[in-house]
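Just below sit the structures, each encoded as structure tokens.
In what comes next, chain A is part of two complexes: it sits with chain B in the first one and with chain C in the second one.
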Partner chain A sequence: MATELKAKYPTAPLKCWAKVKELRQKYYQDYALAHEKGGIRWSGGAANLEPVPAGLGRDVYMLTGEPYGASIAYDRAFAAKCHAAAEQAGYPRDLCAYMRNYWGSKLLKTYAFGGPFPEPDFYWQFHLCCSHGKWYQEAARIEGKGRPVFITDVVVGPYFKRNERTGHFYADPNKNGIRYIADQVHEHIERLEKITGRTYQDELLFEATENYFNMTSLWAEICILNQAIPAPLDEKTIFSLYVLGALNKSSKQYVDFYRELRDEVQDRVSRGIAALSTERARIMSDIQPPWGFLEIFRYIEQFGCVSVGSMYSINLQFSLDIKEDGTLRPLPTLKERGIELKSRDQCLMLLADHLASNLWGQNMQEHTLKNYIMEKIYEQWHCNGIMIHYNRGCEGLSLNVAENRLYLIEKGIPVVTYEGNMGDEREFDLAETLKRIDTFMETLGLK
Partner chain B sequence: MIGKFEEWYNGRHEYAREWKNKTGGKVIGYFCTYVPEEILYAANILPVRILGGHTPQSLTEAYIFGMYCPFCRDCLAQGLEGKYEYLDGLMIAQSCLHIRQSFSSWINHIPTKFSYLLPMPNALQNNACLPYLREEYIKFKKAIEEWIRQDITEENLVQGIETMNRNRRLMKEIYNLRRSDSPPITGLESMYMVVSSQMVDKNDHSQVLEEFLTVESKGRLKNRDQGVRLMIIGSEDDDTNFIKMVETLGATIVCDDHCTGTRYFWDEVRVDSDPILSIAKRYIIRTPCPSKDMPEHLRFKRILEFAKDFRVEGALVVQQKFCDPHENDKVALIQMLRENGIKTLSLEFDVTVPIGPFRIRVEAFLETLTADESELF
Partner chain C sequence: MITVGIDVGAKNVKVVILKDNDIIGKNIGLMEIDRKKSVVEAFESCLASTGITKKDIHRVIATGAGEGIVDFAHRKSSVVTCDALGIIKLQPLVRTVIDIGANETRAIKCDQTGKVLDFAVNEKCAAGSGAFVEAMARAMEVSLEEFAGLSLTSSKSIPINAQCAIFAESEVVSLVHEETDRNDICRAVHDAMAGRIAALARRVRIEKEVALIGGVARNRGMVDSLKRELEVDFILIENPEYIGAFGAAFQGAVISE
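Right after this comes the complex of A and B.
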């Protein structure tokens, strides 16, 4: 247990806290009630190409599987029921925990936000890890009504290459791969028109795409503001804030929220408002946390330690670009790049390029990039150590996790690992994890 | 001569070293059967599939998280133990992340002169994958040409395709003999045959296949009681101890859906004016690995076709522990088989399998297939 620490910085509650909670709640309600308003519902992955279905009309609502699975994980009692339902149906418990939560909720015909599970009109998913596409193939089969499943393959190889001279990564996309992603989406749009009976509206696609790029850049700006000492945001709070991007990046309402949040965080930095008044050390994490046990992020605060972000929360939905000197910066918006959306193909190519360049996804294509990005976050966010989650619930983001640990240790960066599961509490040992954190804090000189 | 396949399987490394000495050619290790071997044969490169050693190891813990499949860890262990020191290069065609992890860790920790990641598409039911894959093959061919400092001509490609197709045709012919009431080749021998074809020069392999067909196959094993006709379905499987055990219990494995079986060789390249495009078409339409089989389960259609054609009485559904692609398909697959009157036994494989407990389970399964219910209860 840490000794009583003296407050060094002023702190204050986040003004837009209530608003993000309200927006999130409304998202799940809007999806459930979409049919009552004559709207369309789709379900699929977060970090998807959500501006594309937006071209079907202004009454298109979505349920993204990962945040939904995480929401279930946070409610441990309901999560246990979902796991039991999935296992009784025969699914192995080592499969993606979000996916099992989602399937379990579907099998139980129970929506985590009240009422029966609202089935989508179609499934819209990209495919990157082994389960992305298979998730919704099986979801459609469970329901048994032959709902259309759209899968866009984004496995097109490395987007970034290492400059052997400087050691920094630079963009060198596989143009053939970007074309392939866009061409698949062209195919999907034709089929979407057929199955919905609606005429696709490019102007709505353009509008949603503008929002998408604005939102991703805004989030990157917010994360970069957290490089300040003291950190204006702690990671547990960041998890609640970043989620809007995982819910729908094409929403104007969410863009407006992030603009408001960016201004508030900027103001906190200017006034030296800290997330943790006793901040004396900073750590970062890597991938999804065990959602049912976010208290570990509060536990480290007793030591005057704040977690300022992660490979996951900074990069998952959003745009960071790598400057020539290795500095991470927000990817400029379309406007800043002087791009005006004029055609469907141009728009789809931009979205395809963005999806292929996503830094977290690139870990599944370029095996040394995540080492580099984690090192850069560690440096640029002024961290003292890194907490790595050996997450049994996510095969995709656990790729290379052992290699990341080795690399960071070789670089002299203090690292602690703990094993758990983002969505299945049966695979997380809180007492053991806290003991490891105690030891780690001690090695960082925080008693 | 059928014993030659087992000899090659067990002596894979010696074979590759001898091949190198004899031909002066390069040997490339590959992960996953989506690697277009046609292009490698066109370049006179010997492709050798990297497989596990089926012995417990403790070398990979530092490099691969324990929730990754035992097969991918076993493969990396072979490299770390230096068993593939003769390789000149290493490649993978993207399939699952597990084997991708072996590839990444291999090139991180084992000096490799040439390595290549071929971004094989996953959404093979989308039309856009064909032009994409064709372009990727062109890039791959160019990388190989630069590596060996020699052009690969269209004639070379046609020859590479023919080498592969000949081997596929012959193995298919032998598989078709297994439809009979007294198959002249057991499931174990078939496994040695297919897996060894992934390790030795296809020209050598095809020669033995031809000899077997013309000389040895006729009337072979005609007095062996075939017992229950089984099919085996699942992820990578070269667990010969398990197959051997099953076939001592009054059963014969008559067909399979494995990447060490039919998924590897069943479909040929149909050559047209563009050899690269022809190869791409073949890898798109072959029986898919579950990691690429979506949104429709096209693999299931092939499995059912086999089950009927080979008059299968039951199916063993095996999967490497933690194999996400096969686990994702498992519930749907078992349901499909059940709806078509095919009983299943599901087993999870590790680097080594517990033969004793598995024997009991297989025996019980065979009883359910052969006895009527009044005898069972």
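Right after this comes the complex of A and C.
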């Protein structure tokens, strides 16, 4: 039971809210209807090299597996059917929950957004997570029509190193590793031309790449605006906004939306408009939430506590740069870096570099960078505590979470953990989790 | 000032009445299907034993898994907070508390004021809680006291599955069929459970002094196994199941209006 709190700040609904919902719905519809317009459909991992297929034409539509799996998770009844279908087909419960949701949807031949599952013309996945490396290979096997599967190996070693003198991390890219990724993509483009019968258009690749970097940078700007007190956005809302970056970072429409959103959030900060009128404490979270139970982020609000972001929502687009003093800032856009796109190779090298800089990729090799970034977010977003999800549904991103927790605890940061699953409601206990959060709120002096 | 702490656990409800920070009454009752009735009965019985009336009570603080059903409580507080406050009041040098209840096990790290610095609670499995030992005692057809006693006479270590109460029970049945000595089976159960609890406790980085509380702290076989596993000497309290309720009552006395 929380103390009755008085409103300290004005609050207002987000003007962009309806638009982001509309864009998301349109994304899934456009993908489903692509063939009716003579377009191309492809499916693969989010945070992929989506500007690359964009070079095949303006009628290329994609279905990224992770947000699709999360959408299924949000609909617990459909998710249960997908789990059952995947398990009947012999896939074990401990595999990635997004992947099982996606496979289940294919096996049921049912699209979460209505109608039959729209099969893609090809798959493209990057090999970062061990489960995800097999995701689309298995998806193609389920369909049984021999769809092409493109796989890009991106494991080229840690991108960031710690400066032993200052303790801060800095980028130290492995040039040969980046060339290795880019060369694979060159080969993929040649194969794409053969498979689709289309001529690859570099101008479209350049345009999509500009959008990609603009979008990642804009998202970082939006997240950094949430450092303000009161926070203009809460985490549950952020989850609905960040998703566009997981759907397609090469979309001009999404760039325009993020620009509009950035301006609106900036305006909220200037006018002191809060996401939570009673804000008196702030927390951050870690990786994916249990998507079917996002009410946990509303639950904390009765204590005057707002979740201002997470490692996941802030970093999924790999859009932060670390300044020499450890301050996190938006990754500069190509224009800000003075880069003009002139060749396919230059473009692919930039995209490969960005993919190699993926924080989550480094975390699968060593966890100290994630410790550091979590600590920096905690400090720079003015948090009072951290909520960590021991997510049984993601073997990739949950790697090292216990190490992260220990590091943060040793730094004197209050941390609570709860066990669950991002996409499988059977592994989440709402009552127990709320009880644990309740205790955490009490230890933060909020009850 | 008279304050009451009511700790509504999964199996028992514990009531402590404090007068000027001294315990003047305590009572324990079984939680039955009508949980509210069980709480009221335990509370009223405790009042009756002290001669205190409801009008005399300054504040009632509810805690525990069923704190929500104590609708006459002035305030609700988590059992983690209450455990820490309660133990510090009784044993000021304690910095780590392990509370093993019927349904839940908690490890709590606190400072000298009773402020919780870190805590961990067992996940969704009964294999690290008191209900598990009771189930194993039933499987062995002995009382809980006998079960604990048998365990203490064993010097043999038999590993059994500590990950799941159901699998563990089937392993115990197999050991019975293999005619393994009963005392060794009892110890194996405690050792398995101690392994789980120790892993939980290590998550908060154990710091001395360490207190063991909750109903299971009465089980000397369990204490012995846990002591071996963690290699620490525990501070044991006379009435270990009452610490949460005591902490709640104490909180009622110290919180500001």
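Rule of thumb we're sticking to: the second predicted complex is superposed on the first by the 445 of 447 C-alpha atoms of A that agree within 3 Å, B and C clash if a C-alpha of one lies under 4 Å from a C-alpha of the other, contacts with A are read in each partner's own complex, and residues count from 1 in each chain.
We adopt the following convention: contacts are C-beta pairs under 8 Å (C-beta built on N, C-alpha and C of every residue); 3 or more make two chains touch, one makes a residue touch a chain.
This structure is a prediction, so every number in the text was calculated from the model and none was measured.
Participant: Per the contact definition in the header, classify A:Q25: touching chain B only (first), chain C only (second), both, or neither.
Facilitator: Neither partner.
Participant: Touch check for A:N163: first (chain B), second (chain C), both, or neither?
Facilitator: neither
Participant: Could you figure out whether chain B or chain C reaches more residues of chain A?
Facilitator: B
Participant: Let me test your reading of the model: by the given contact rule, A:Q88 touches which partner, first (chain B), second (chain C), both or neither?
Facilitator: neither
Participant: Given the touch rule stated above, what does A:M364 touch, chain B (first), chain C (second), both, or neither?
Facilitator: In the superposition, A:M364 touches chain B alone.
Participant: With both complexes superposed on chain A, which partner does A:S270 reach: first (chain B), second (chain C), both or neither?
Facilitator: neither
Participant: Which holds for A:I409: it touches chain B only (first), chain C only (second), both, or neither?
Facilitator: Once the two structures are laid over each other on A, A:I409 reaches chain C alone.
Participant: If you stack the two complexes on chain A, which partner ends up touching A:E432: first (chain B), second (chain C), both, or neither?
Facilitator: A:E432 sits against chain C, while chain B stays out of touch.
Participant: Is A:V155 touching anything from chain B or chain C once the two structures are fitted on A? First, second, both or neither.
Facilitator: The first partner, chain B, only.
Participant: Would you check which partner chain A:E442 touches, where first means chain B only, second means chain C only, and both and neither mean what they say?
Facilitator: second
Participant: Return the residues of chain A at which the contacts from chain B and from chain C coincide.
Facilitator: Looking at chain A, the two contact sets intersect at 402, 406.
Participant: Which part of chain C faces chain A closely enough to touch in the complex?
Facilitator: Where chain C meets chain A, its residues are 65, 75-81, 115-116, 118-121, 123-124, 203, 205.
Participant: In their complex, what parts of chain A are in touch with chain C?
Facilitator: 1, 402, 406, 409, 414-417, 419, 429, 432, 435-436, 438-439, 442-443, 447
Participant: Please give the residue numbers of chain B that touch chain A in the complex, ascending.
Facilitator: 61-68, 94, 96-98, 100-101, 104-105, 107-108, 117, 119-123, 125-129, 131-132, 135-136, 139, 290-291, 294-295, 297, 321-322, 324-325, 327-332, 334
Participant: Along chain A, where are the residues that touch chain B in the complex?
Facilitator: 89-92, 94-96, 123, 127, 129-131, 133-138, 140-141, 149-153, 155-158, 174, 176-177, 179-180, 183-184, 186-187, 364-365, 367-368, 390, 392, 395-396, 398-403, 406
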